[in-house]
Amino acid sequence: MATTEGDAAAPQRRAAWILLAPFLVLFLGTFVAPIGYAIYQSFIRVERAGLFGEEGTTSSFAGLRNYAEAFANNEFVGSIGQMFLFGVVQVPVMIAAATVLALLLESASARWPAAFRAAYFMPYGVPGVIASVLWSFLYVPGLSPIIDVAALVGIDIDFLGPSMVLWSIANIVTWTYTGYNMLIIVAQLKAIPAEIYEAARVDGAGPLRVAGSVQLPLIRPALLLTIVFSIIGTLQIFAEPQILQQVSTAVGNEYTPNMAAFDAAFNYNDYNLAAAEAVIIALTAFALSFVFLRLTNRGQR
Amino acid sequence: MRSRAAKEHGVQWSRRTALQAGLGLGAGALVGACGSGRAADPDGSVHLTYWSWLKDLQLVCDVWNAQRPDVQVEAVWIQPGPDGGYQKMFSALATGGGPDLAQVELRQTPAFLLVDGLVDTRRYGADAVLDRYEQAILGQVTFNDAVYALPQDWGPTAWFYRTDLLEEIGAEPPQTWPEWAELAREFRATDRYLDIFNPSDGSYFAALAMQAGATWFAIDDDTWVVSIDDDATLETADFFDRAVREDLVSTSLAPFSPGWFAAANEGRLGACMSASWADALIEGAAGTAGLWQVAPMPRWDGGYGSAQLGGSTTAVFSTSPHPAEATEFAIWMTTAPEAIDAQIEHSGIGWSPVPDHIGTPREQPSEFFGGQRYNEEVFVPAAEQQHPDWTWAPTTQQVFNELSDGFVRAVSGGSSLVEACRRTQTAAVEMLTDKGLNARAA
Amino acid sequence: MRRSSSARRTGRNPASTILVTGILTVVAVYFLVPVYWVVIAATKTTEDLFATHGFLLGPSVHLWENLTQALTYDGGILVRWFANSMLYAGVGGLLATYFAAAGGYALAKYSFRGREAIFGLVLGGVLVPATATALPLFLLFSTLGIANTYWSVLIPSLVSPFGFFLCRIYADATVSDSLVEAARIDGAGELRIFHTVGLRAMVPALVTVFLFQLVGIWNNYFLPLTMLADESLYPVTLGLANWNAQVDRLPEFYELTTGGVLLSIVPLMVAMVVLQRFWRGGLTAGAVKG
């Protein structure tokens, strides 16, 4: 906690601002300004005179028209719905897997925990794009050894078909980030004092009981952190579907909200619509995280 | 869900066919595209960059480069336009940068005009060659008396068919679409499909409607007039609605997809309505050599003898610091016989943009097509029987997406192709007004 | 730092060991399969890639040829891309850490008006998806004329709101006030105190923030995709995605892509394995407290 009662003395305040300045300036410039600009752009539309605007273009206030257009676009709305579906399944599965792995690794019965930890964490170092390229090879019939092996036992998998491709993407995301989330949980697990384990053992609790009543509640902060970041991450998914688009006809140009905004900006040159969509995405992420944190905080009180 | 638009020439290479085609080229491709860079050389020569997704374009540019040390052109490969190439181009234009020249499909040129991205080639000498181009195609890049891109290739359509399969039922190539429907029924009786109907690519349907005489977009002073629900279009849609309902066509095969090649090789497909550039793709069905020929398209009651599918231009970007030299090169690329021949040989382009030179390689009879000189016999006349007033709109890609979304719904039983056209009509007018342009229904 | 907890000592029998280790092994196979595949794939020519089974070596090993081809293609552009990534991630990460540390320290050790408001603002920034800022940033940079330059990717990489958050918490917890007071009495200026006392105490958090930012920038795809049109400025993620886009047209891009992917992930994976303990360290100490 800061030391002084009341504000710090003037030279100290000055120093504080000097230290703060670079970060603050950059933050304002690369976060606040763009969001402000996006909000501004989202309320504007461009009027074009002539066949293509060659006789002049004017910007005019558009009210909520861009937002209405965004919500009237079935693809964009569909993409948000798709991400909800994705998030509701993939995030719990990934966090649960990360938790189980963390608990297993930290349990008495695990051999070579350091080696396993390393193996699970390693995919985090692979950028999502590269992971998608890798997995896309593993999804394409004719190249994929997985499909070949499954065919040996008579299972016919189509990773890139319309019903499966969302989960193929989920697989890539899970593969990349489970280890990372697991490590955060492991860190929290290691912070549990030994006395608590002693007390549990004295009480006769077996490993499963310890996990449920002791460990899970105490790693709550880590779980919250990973879930919130995963929610935000889900809304941002872009690279994985874009790479899979090259091998799957089921992935359209507006498969995720980010792809839709990118599409609006660079395929249709409608920067105003793209700005509205970007604002919608940011607000949704913010709202979801906020609501989630609120709900869980209330439980904690 | 918006499906992947067809790449240049409607190619959906299966990896294996790409393999067979590409392995023959060997190291040639490695000579290709280098990184980009736009400075003029220190010795004063002009250095132009040309973004395109054509294969081995540098080899074509090198023909020019050898003759013109003062203007050197570097080809840079980018993804096909609908697959991310146009995004790159628009993004570059927005930053004020980008290449000097780019491959822009005919149907996409108006979209570039929305962002003032293209140069009027008439300001830099295109007047001298304008009357050499196929006029129907030139019309698609001419607006307000300015020619914003030079046609590089296009695809007059015809009817590729299996001579052996038609002989089996004792049939001749159909002259009208109702005759085609009859033939399709006979094929179904032998458990084959005559052809496919691909709902996810709006450009095929556009070609069919074009042949029937539809004019989806027209210009009235400064207003876009949209009529995707005109009589010709709706009649075409209705015809194929009935064909789909009667199961006369396969709706699950995408043209030139692995499934399509499998069906072709196994003799389950009788024909293919497509453009001239499809010849190279059909040749990928290696097991059927010598069994194909080309006939003119079946005709509607009115309309024209043929239509077009695909086609690109060589466009000069407005951000180029060397528009004059770039236009000069673009003129060479699109009209010089040596350039056209080189593009046919190395890059596999579609039909030549100048009727007086279809390309030396195309004047030979084809073994694969049973010895027929199909280019001269079928495609030259087809190129002359085109809709003369077809225009694209600045929102063509969006319209195609809307159309194919509706078609996919229709084909899976939800509604009809006619309904999809009506819906697309309403949406298309809205798309234009959303862009701040004047638009109305016809 | 606490010693590892003694959950281990609560019971251990051979049956559960086998079970648990078995599960862990199966899971490890899942995580390692793509890596194993790319190692095998990078030894094959394009023909063999299609003709032979993906998990087994082909008739001949072309690893050296593929890797050399990947490194020398197009004038060695893959090396250039690596260098670009290191520039964006390394320089960006270092400076971002420094700025976040300075800001977090300032917020922790000084009390002034607006302090909590700033903290709340930055915290909000953590919740905003980075991709939502990339597009408008592109428009802003275009107007300023710096889009499609090194700056366009570097500048956004210099800001780490999460790092700021971590550093503030860490500085609160570990930079001892008495040390700071003592230094003041000794006559040291505030900035001097930050650099000597503050930074030294915050090292574990700094390492965490640096690694977090490094990985984040290295993995970033949307930002450079939006900002860069010039291939020579690409980070390695964008470059390899570009190569992957060409496999349909030119078969040798299969070899280039598998070779390039292998080259790009091996150093990263090694780094992850070696550096994972720093993650644990920085995160335990206070950052994840409720």
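For clarity, chains are labelled A, B and C in written order, and residue numbers in each chain start from 1.
Criterion: contacts are C-beta pairs under 8 Å (C-beta built on N, C-alpha and C of every residue); 3 or more make two chains touch, one makes a residue touch a chain.
All figures in this text were calculated on a predicted structure; none of them were measured in a lab.
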Subject >> More contacts between chains, A-C or B-C >> reply: A-C
**OP:** Identify the chain whose mean C-alpha position lies nearest to the mean of all protein C-alpha atoms shown.
**Re:** A
Original post:
Where the CA atoms of chain A average out and where those of chain B average out, how many Å apart are those spots?
Top reply: 39
Subject >> Separation of mean Cα positions, chain C and chain B [Å, integer] >> reply: 43
**OP:** Can you check how far apart chain A and chain C are, centre to centre, with Cα atoms defining each centre and the answer in Å?
**Re:** 15
**OP:** Hunt down the residues of chain B that sit against at least two other chains at once, touch-wise.
**Re:** 15-16, 83, 88, 91
**OP:** Would you mind listing the residues of chain C that make contact with two or more other chains?
**Re:** 50, 138-139, 226, 245, 248
**OP:** Would you mind listing the residues of chain A that make contact with two or more other chains?
**Re:** 142-143, 246, 262
**OP:** Name, in rising order, each residue of chain C that touches chain A in their complex.
**Re:** 2-13, 16-17, 19-21, 23-24, 27-28, 30-35, 37-38, 41, 49-50, 53-55, 99-100, 102-103, 105-113, 118, 121-122, 124-125, 127-140, 155-156, 158-159, 161, 164, 172, 177, 180-181, 189-191, 194, 215, 218-222, 226, 237-238, 240-241, 244-245, 248, 257-258, 261, 264-265, 268-269, 271-273, 276, 279-280, 283-284, 288-290
Original post:
Hey, which residues of chain A end up touching chain C in the complex?
Top reply: 1-4, 6-8, 11-13, 15-20, 22-24, 26-27, 29-35, 37-38, 41, 101, 104-112, 116-131, 133-138, 142-146, 148-149, 175, 178-179, 183-184, 186-194, 197-198, 200-201, 205-207, 210, 215, 220-222, 225, 228, 232, 235-236, 238-239, 243, 246, 258, 261-262, 265, 271, 274-275, 278-279, 281-282, 285-286, 289-290, 300
Subject >> Complex contact set, residues of chain B against chain A >> reply: 1-4, 15-16, 83, 86-88, 90-91, 110-111, 113-116, 143-144, 200, 219, 222, 224, 254, 394-395, 397-398, 401, 405, 434-437
Subject >> Interface residues, chain C side, partner chain B - complex >> reply: 46-47, 50, 73-75, 77, 138-139, 141-142, 145, 147-148, 226, 229-232, 245-252
**OP:** Please give the residue numbers of chain B that touch chain C in the complex, ascending.
**Re:** 13, 15-16, 18-19, 22-23, 25, 29-30, 33-37, 53, 55, 76-77, 79, 83-84, 88, 91-92, 94-98
